[in-house]
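A, B and C label the chains in the order they appear, each numbered from 1.
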């Protein structure tokens, strides 16, 4: 397994000054959460790590070699990306959509085999959308489409998962199911790197956190060390109240109307 | 995947039937027996000329043209991710038309008109390529807009040529613009190109499917998006230029056939593209047969029939699929 | 004004009858003129409208090459102030100012010339545009000669309108007499099956009602597509092969242009190609409905004689 590594990485957002260079490695079995306010560049970071956008400076490495040294096909066998926005392409069924996840594994002359179809169907079942497999994707609800997108990457079964707000549109039950699935993948040796807007999900499910501050600073490390109220309040510009449930911290915005102000 | 062979076999059979019909039907009545006799080497000299030198080349040209246009239309729709795209949307037929009409106005002979049309089509391709490419950030909508504007420009030139030509040249020009198979074109280059493209579809097909889901998604799955898009563009342009050179700007086939097939066969380009080749070819051959027969011994330009056939068929299929 | 041409002596009789009609009108008009009053001259045009001019028209504008020739034939050449494009016959017309072409007329130029009469062509000019001319008080005389009698009548009526009755009547009579003589000469010859090619792409021909078709008939030819309903049908090559004419005649695209005929060489099984009955005729003589149709018909008849000999 080739771990994903950022070396002195500065992402490129046109019109914005460079942020702090990022240096981290997403090791096997690790689940990373990226936290930061809207517009700070979480999606751009994800796309840069996936090789879809060039960085402003620094580099992204897979297993010690820079991304640009790898063939595209090999990269997509190791890196999978769940996008935040659904791009509306041509209409296709749910099964067809999941099946494109097998593209990096098939040579141009190969047709999808029954085994490939089986993998796609299994992935759809795992995301609880198996029964929708012959439906057209654009007739699905937001949550269903999100799960199809995740199933596509599951079909792709890369070693490293990059996810952009995977719990958007999902109800509580499916949020837990998806994160549980990701934890199961991590236990098998995959790495997970996801952007989350929900602080508490990150606190509960991620073992490493990357904080992207509005000014361009960043810090990263184990969750224990990153999830301190001071840093988080600075991150979101919002006073927080902390509690602990089942051994994991829970953060709640402190409102002015809170009768129990201390 | 198993359904693919069946669908393609059905379309292949349809193609053969349509071609057989086209060769045996015309303003001169020839029985099936006579046609068969000619094809096996016997028959009167006039019958032989009729079938081998007039109808067979015309049928083959019609098949090649229809196939090329349908495949080009399907490719354009993937490239622009727009189901309303047709092969002419980027101004290709306009450039070819200007080339052809200028040649006609100058009073030159048939081969020069075809060559001029091809040159015009290539010029249109490079023009749009250059304009859309030069500005850095390239998206399908930018290509589409550039193409539409350039097409309008060609349209203006065509109107100018029509306005300035002597009246006796107008019927010829109008027939070219509507799409006409009667100028005896050579079907061989078109057929070869069509076959090559259908073979090329297999290695490219799945990438096209992935590309059709969205460029970012495709890039994330390992598709080299930009090179693939330019390949599709050049290919579609070459197909359209060849088709237009053979038969003028026949409308509707490139828009309606890919649509119809997608409604019935799904979205796998590896099936759709060869299916388009055969269905488009069959449609055009059928339309041309009608064009030759409906007011025999007079004949209509084939483009008129494709429009009249294409619209209700498409509406019917849309209605059925709801 | 058009009448169905019946081959044989009936036409000569009919021609004589038409001659009588018009001569009567001429006489009446002359009497009226002699009566000393400057009466308006009123004549019926080919749209069945009565067109009147005050006294003979002195300033004329012709809007088609055919109309130009007919005006000159009527003796009114000196009164033509402007013509449409392509008016190249007679040579004097080539020097006259142009006012546009078919439905791209320069209305301002026409109006500025202050014509007494505008002569228009039904199959060429736009009725809407000429409606404007008429609204400005300028009379428009529409022509649409469909038979040889129509051509003669057109010459006579134009002569009436322009004060050259005698010339017009004489020329019309000569034309009809010569055509009748031509018809008599070729009345009993064996027919030659003819395909007349008007254009190559689309492939166009004419039917029996068209003037060229009538000329073919007069010369003892049988137009293989004469029976078709349209005046100028668009055919497929196949139809020509099936009809297998004895002779193929065309005016070509340009003067002395045998390209279209050479293209028929691709089909050596065609009778016309086998006996080399591929003929070029002078287009301006035969494709214009003017008095030169006489020469055109004579040329056509000679061509058919050659064809007949080779069969």
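Going forward, contacts are C-beta pairs under 8 Å (C-beta built on N, C-alpha and C of every residue); 3 or more make two chains touch, one makes a residue touch a chain.
Not measured: the values here are computed from a predicted model.
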Chain whose averaged C-alpha position falls nearest the assembly-wide average: B
Chain at maximum distance from subunit A, centres defined as averaged CA atoms: C
Centroid spacing, where centroids are CA-atom means, of subunit A and subunit B in whole angstrom: 45
Separation of subunit A from subunit C, taking each centre as the mean of its C-alpha atoms, in whole Å: 84
Residue ranges of subunit B touching subunit A (in the complex, touch as defined): 1, 77-78, 81, 83, 202-204, 206-207, 209-210, 212-217, 219-224, 266-268, 270
Residue numbers on subunit B that touch subunit C, as the complex places them: 26-28, 45-46, 48-50, 53-55, 107, 109-110, 163, 166-168, 171-172, 175, 180, 182-184, 292, 296-299, 301
Contacting residues of subunit C [partner subunit B, same complex]: 86, 101-102, 104, 124, 199-204, 225, 228, 230, 233-239, 241-244, 253-254, 259, 266-267, 269-270
Touching residues (chain side subunit A, partner subunit B) in the complex: 47, 50, 52, 72-73, 75-77, 79-81, 83, 87-93, 96-97, 100-101, 103-104, 106, 108-109, 111-112, 156
